[in-house]
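The following blocks contain the structures, represented as structure tokens.
After this come two complexes, each holding subunit A, first together with subunit B and then together with subunit C.
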Partner chain A sequence: MKGYRKYYLNKVLWLLVTAVFAFVLNFALPRLMPGDPVAAIVARLAQGMSSSTGMKVVYEQYAELFGTNKPIMQQFFLYVNNVLHGNFGASFSQFPRPVSDILKSAIWWTIALQFPAIIVGWLIGNTLGALAAYLRKGFDKVLLPVSIFVSNLPAFGMAIILLVIFGVKLKWFPTSGGYGFDLIPEFSWRFIWSVIVHYQLPFWSIVLIAIGGQAIGMRSMSIYELNADYVKYSRFLGIKDRKIIGYVFRNAMLPQITGLALSIGTMVGGALVAEIIFSYPGLGTTLLTAIMGQDYPLISAVTLLITVMVLLANFLIEIIYGLIDPRIKAAQSD
Partner chain B sequence: MKRIMFVLSILAVFSMLLSACAAPAPEAPVVEEPAAVEEPVVEEPAAVEEPVVEEPAVEEPADETALPRDETLYFNGQQWGAVVCWNPYSSNCNNAMALAQQDNARVPMFETPYLYNMLDGQQYPLLADGPYEWDADTTQVTFKLNPAAKWSDGTPVTAEDVAYTWASHVKYNTQFGAANKDFIDTIEAVDPQTVVVKAVLGEDGKAVNPLIVNAYLSSNYVIQKAWTEALEARTGGEADAFMADVAEDVVYSGPYTKFFSDDQKVVLVRDDNYWGQDPSMFGKLPAPKYLAHVIYKDNAAGTTALQAGEVDVSQQFNSNVQDLWLKDNLPVSTYLPEPPYGIGASLPTAFFNKASYGLDQLAVRKAIAMAVDYDTIIANAMTNQSATFTQVPRSLMNPTPGEQALYDQAAVADLQFAGNDIEGANAMLDAAGIVDTDGDGWREFEGQNLRYVATAPNGWSDWQAAIEVVAAAGANIGIDITTNYPEWSVYQTIVTNWPLPEADFDIFMMWSDGAGPTQPWSRIRHLMSSEFAETENNWNGNWGGYINPEADALITAIPGMTEEADLVDAYTDLVRIYLTDVPSFTLMYRPQSFHTVNESVWTNFPYEGDGTNPPVPPLDMTDGWAIAGLYNLTLVK
Partner chain C sequence: MKHTLRQIFHSGKFIIGFCIFTVLLLVVIFYPLIITDKPLVIIGQGTFFPPGTYVSTYDSISSSTTYTLNLKDANLKRIAAKLGDQERQDIKDWLVADGFPEDQIDVTNTAQLLDQWDDNFEPTKRLEGMTLAQLRYYQRLDTSLAGILSSEGKIIAAENPETGALEQTGMVNQSDYVNIREVASVRYLPLGTDNFGRDVMTELVKATAVSLKIGVIAGVIATLIGLTLGLLAGYIGGIVDDIIMFITNLFTVIPSIVLLILISFSIGQEKRGAVTIAVVIGFTSWIWTTRAIRSQVISLRNRDHVNLSKLSGHSIVHIIVADILPYIASYVVMALILQISSAILAEASLSILGLGPRTTEVPTLGLMMNWAMIYQAHILNKWWAYFPVLLVIALITFSMNLMNTGLDQVFNPALRD
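After this line comes the complex of A and B, so read on.
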């Protein structure tokens, strides 16, 4: 297994180098945005006051608190120090609420929405794609155009179509919120049922598009594999079809697994569109609000989270590939 | 072997999926482990109820996880984003239902000595007992407190609380202390029921600005001294910590307090021990038991909820609100049944950047202002939720009868242009010699084409629609005006700092003051006073940099005037100066707050001519005297 060590060391090294670059960019990019986070807070106060001579004082107080009046390098080192201690700082727009608190309350809604949606979409999509490649004829002729159409629908288009048809016209599902507008979160059947009902439309708006995309991908890979030499050879040898299919789909699935892992890595970014259209709580809208209000700590924390998850997912893929892809195994043992 | 690899692949996939999850899902019950293992294995309950609520609510109904629809009043348009804190000293609580210390102060949870009523311009006592009185020399104002007023912990509201609140604002330099300390010197408790507010005196020995002192009495909460001291103790006297404290334990005097708050909604519950049910105040408790505000992501989501009957009181701008009852036949209504549907209070204004090329010429400014089609703005941008300039000719005053009576309309009638006067504008420019000499269709001033950018923040759709109309007017009079819509975060940073950039901010839109005890003086000061011209970090006004000593003199003199006739003369002069110089121009009238109600559950909301005395203003049942409306609500049967 000596070759494996070199393979994995290589991967770990790249992981670390990428992580450092991503970290620096995470810090720098939000702060390059024009606009001033303290001004956003002060503007909110300026309305409705008859005598706003106190604004300058408030402005200076917050600039001091947020450290936005310090030089950028100093801010960076403070940031690194804090993050390494697990402290993402306090959000600007919701000062003094800690960023980790905001993330904690938002992230579960996003994961609960995205994760099953990605898995279900992946499973159903790949199954349909594989079936289409295998059965061909009529099934394939219907599936391919439908998949292309559905997978290319923009997320907001799908979300609004579902909202209008099922929410507004048929009134089968509620139009907004994570749970009933008159409920207080508690561990009770009524609350959980309300969450499930409110979950449907955002969930399906993501799944339907994912199914389309996965089906096309799997279908192409399967067709490619089905036409490979070893399939024809195995058929001539008299090996049962079912066994051959097993080989074919295992090979075809490899790129799909990569895709799945990357989707999971980026899922924390949130189904921003679905969350906004359905007023669904989650990390996507948190990120959007943070960007609009120049809430640097919150933006940096969310983007850092996304970066870390993508890097980890990528890394895990590479490790698993090393194990299950015999071509890599073969290359190492040379 | 192959089967094993296949199984391994599936396992690998699932392990990847699991690796993405750091911890269990939110609704997982937390089973409490018994501290000591008991001998007979007691079957633990499957799930210990762990409400996601941070603290158990005070008056939580025995078994309910739902707010009863017929005891809850739902709002929208006030709260955007999660509530951060409950601290009345803070500037950043983002707690719209409980904290808004402004001219029309929001008083469900915290209370002010007086309540301002924008419909008649009076200040009515709340915590106070009877009107306030200035002394003969105008150096201090005295008022008494209502002996029935009590805090939520049962102790009485005393003058010491009022004095200590002001002292704390000054000591910790809160936003309210900083705003008022140039006008209020000290507040003292003469006896437990009597408060004396000593004003900062000018050179003439009189209060520098009695108007602002009066405004303080109806804008700022009285906060309990004992609680403030506890807050000081636990924050160690540090101003930042003092103001940033979340204040979950705050003591209040109002009828409602915190029930529940998370990222999706905030709910206030009625405190049935509220002192205001004393006959000297309201005589009963407010009708709704809960005040709830679901946090919507944007206006559209809020409007959908209003249509669905999930919202009773809407502070959103609902475009074409009349369609809700005319076309959709919903039980939705506004304060007035016909346009403008509400009472205009503030004057969104387009400012000229005086440093822009050609905008220092009066003819150019006035021509542009005259040529704009304001009726289109009001029809498009405000969907007729504003009075037109024919109904209420332009001035510096809002359409309320109180302010309109403060100037002599006849004296300035010839200056009050109604807009869309292309002929007049062209004539004015021709007369000033600003003509198109090179035949390209655009007028020139001293050889250079007049070219401007009109701007408003991106996403503020009614402002953007208004600016589009301003730009269109330019084409009719030979001035090239294009539009640009930067993000609000960028826009505010630029506009509030002088000098403005050389390009892209020639004509820009900003707000003006609404209704309050210091109006219209404060609005005029913010529009025209040179105190704010050419300054940085300027959130007050006069962003175009207008300087006029004559106006300044009048603005300085008005707070000291007591004779009605003098005031009318001064205000008329200011209107005359404003309409002559045109440093900025009003684009439309805007209500203090939007007030649309859905009467499917609750009814008897305020409407014009409803016979209430004092009349209840349409301020979403919570601001200033509008809180009285909560006591009149009944259920639809």
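After this line comes the complex of A and C, so read on.
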């Protein structure tokens, strides 16, 4: 474990740097735009409010909350402080519900949906890709075009196709929501069953999209490895095919893990839009209602949360990668 | 060059992708020349008219010549259109529920069935266990069945302006036909209308054109930025490389969709045009290209021909243009193709989130998707409002990726079959 210290320290440092940068972006981007954001917010919020003193009070409240009357550096620290305390202000569209409250109920749906789906999709995709590379011939001829086509469908497209086939036509699964609209969240079999049934379509739409992309990547990685010199050498030595395959796929796997780390942001983005198609009560749908309602605090909080989730997922993959890849261990012991 | 092109056009994948893309492009170019309607004109009053040929009823009644055709199956068709198997079964169900003996009902005997129906059905009677929706359904069914077996024509009447009484001006017999070519106003809507009553086909063609434009603008911007940064980082190295790689690594982990959402929202609805969105997408998606170009340039940097060029005293610009660019040109083309297709997808995702280009001017594929989703076309089974859009998106990205895979196999012999 000792040899890993430098590697992990490096990764933790990088996590912190990116997190700070994400904070800065989330803070700065809306403020870079011309116009006073608070004035715009208040104008939207105060539509239909006739008394000017009322508007002034609202304005001052928000100016205080975002600190727009203070210098920019101070604003930033105020913002970071608010965020670290989970204080994102009150939502506009669901006033006076605090944003953190809305997020608390949404985030678990998203985590429970996306992470298992991405991991399952990654596993199946890699298995299929490796098989295609090894078997070639018929299997490959079918799998490759299908994978290319599937991975080129946008995630929402796959979601709509599954929804129309299995939800609207066959009526096997419900078409929207995270659980039956006639139920209230509770710990009962009926509720859990309803959640499981509603889970299927969003889950498989994300899985299928992930399978396509991963299978293509794994296929070309494996083909590349299968042609490597060590494979030929092992064959000449008379090592069993099965054993060689084991080495090949372990080597082909490593870039795929890095690939997952690099593409997880895109995957999460796609899955968020897929959530919207199913009106799944996660962050995607929350984001949509926030945008529809011009709900600035909610949008800002959701984007920050998504970024942090992706950063953490990335960090986790890097940690696991460090454990798996022997080269990192070797590099550390120098 | 010639040889490379010949090699590329020997790749099956490339040819398939190229053909699909060319067909799309030709449709986008030539369709507006033939059908010159504006894409966002609202023609239908109401939502989601199904695909088909729409014939003006007024024009066909007042058509100058009417033809009499004695077709045997005309009556059968007329009855079948209103009284299908499902309706017959529904009528039987109602009669049975009402207490009519089941063995006397024959759903295949139309005349007898309708007689039984007319004798027994009462529009206001609500049978046990019948929902309000079912009650309304039977009331509608009853109205539509009225006069279905009559063999007489319909009278056309006009109001006399003096007395206010209706006077017969014409008669439409059941055997009267018009030739669709002689009807003054006929509109063919191959994909029906959308939720606003606009012609989906015309809209779709325009949307494809706009989306392709967005894709090309965004793709070119992203590729140019990526190429410049990649060349700088890879060739100059040192501190420049460190800075560029730091920025690139930052943006690799921060999801680009988040940047897109934040920027698009900050720009505001009024200022968001198609080109603005394209530029925003371009400026948020150069990361991959930068990384890849940089690593290619690094491997080229110490090749003999580059060193020779350096020794000959060529300038950096000359070395990059003459000794490095030709080697990465194929890669840049492939990156551009991928950038274009992913920019089209990014626009679609943004639009579904409600952050697409503002809606009054031009349609885009994403906006059409967004409208269809908001009006629940997928739940209401109005396939023509969303499926063609999805198909076009898939075809564009699929064809571009096929071309890309084809190119990859030409330039990367290890991947060849």
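Simple rule for what comes next: the second predicted complex is superposed on the first by the 212 of 334 C-alpha atoms of A that agree within 3 Å, B and C clash if a C-alpha of one lies under 4 Å from a C-alpha of the other, contacts with A are read in each partner's own complex, and residues count from 1 in each chain.
Just so we're on the same page, contacts are C-beta pairs under 8 Å (C-beta built on N, C-alpha and C of every residue); 3 or more make two chains touch, one makes a residue touch a chain.
As the structure is a computational prediction, the values presented were derived from the model and not from experiment.
Trainee: Just subunit B (first), just subunit C (second), both, or neither: which does A:N227 touch?
Mentor: After superposing on A, A:N227 lies in contact with subunit C but is clear of subunit B.
Trainee: If you tally the residues of subunit A touched by each partner, is the higher count for subunit B or for subunit C?
Mentor: Comparing subunit B with subunit C, the partner touching more subunit A residues is B.
Trainee: Under the stated touch criterion, which partner chain does A:A132 make contact with: subunit B (first), subunit C (second), both, or neither?
Mentor: A:A132 contacts neither subunit B nor subunit C.
Trainee: Contacts for A:I160 in the overlay, against subunit B (first) and subunit C (second): which applies, first, second, both or neither?
Mentor: Second partner only.
Trainee: State whether A:I276 touches subunit B only (first), subunit C only (second), both chains, or neither.
Mentor: After superposition on chain A, A:I276 lies in contact with both partners, subunit B and subunit C.
Trainee: Name the contact category of A:T175: first (subunit B only), second (subunit C only), both, or neither.
Mentor: After superposing on A, A:T175 lies in contact with both subunit B and subunit C.
Trainee: Touching A:S188 in the superposition: subunit B (first), subunit C (second), both, neither?
Mentor: After superposition on chain A, A:S188 lies in contact with subunit B alone.
Trainee: For A:Y59, select first, second, both or neither according to whether it touches subunit B, subunit C, the two together, or no partner.
Mentor: First partner only.
Trainee: Considering only the touch criterion stated at the top, classify A:M292 as touching first (subunit B), second (subunit C), both, or neither.
Mentor: In the superposition, A:M292 touches subunit B and subunit C alike.
Trainee: For A:I148, is the partner it touches subunit B (first), subunit C (second), both, or none of the two (neither)?
Mentor: The second partner, subunit C, only.
Trainee: Check subunit A for residues that touch subunit B in one structure and subunit C in the other, and list them.
Mentor: 33, 168, 175-176, 265, 276, 292
Trainee: Subunit A touches which residues of subunit B in the complex?
Mentor: Counting only subunit B, the residues touching subunit A are 2, 5-6, 8-9, 12-13, 16-17, 19-21, 25-27, 29, 47, 49-53, 65-67, 69, 72, 74, 81-82, 84-85, 91-92, 94, 100, 102-104, 173-180, 182-183, 212, 215, 219, 239-240, 243-244, 246, 260, 262-265, 267, 292, 294, 296-298, 301, 304-305, 308, 310, 487-490, 492-493, 496, 511, 513-514, 516-519, 522, 537, 539-540.
Trainee: Can you tell me which positions in subunit A touch subunit C when the two form their complex?
Mentor: 14, 17-18, 21-22, 25-26, 29-30, 32-33, 148-149, 151-154, 156-157, 160-161, 163-164, 168, 175-176, 220, 223-224, 227, 262, 265-266, 268-270, 272-273, 276-277, 287-288, 291-292, 296, 299-300, 303, 306-307, 310-311, 314
Trainee: Can you tell me which positions in subunit A touch subunit B when the two form their complex?
Mentor: So the residues of subunit A in touch with subunit B come to 33-37, 39-59, 61-62, 65, 93-97, 102, 105-106, 108-109, 111-112, 115, 119, 168, 175-188, 190-192, 195, 246-247, 250, 253, 257, 260-261, 264-265, 267, 275-276, 279, 281, 285, 289, 292-294, 309, 312-313, 316-317, 320, 323-324.
Trainee: Okay, in this complex, where on subunit C does subunit A touch?
Mentor: Against subunit A, subunit C makes touches at 249-250, 252-259, 261-263, 265-268, 341, 345, 348-349, 352-355, 369, 373, 378-379, 381, 383, 386, 390, 393-394, 397-398, 401-402, 405, 414-415.
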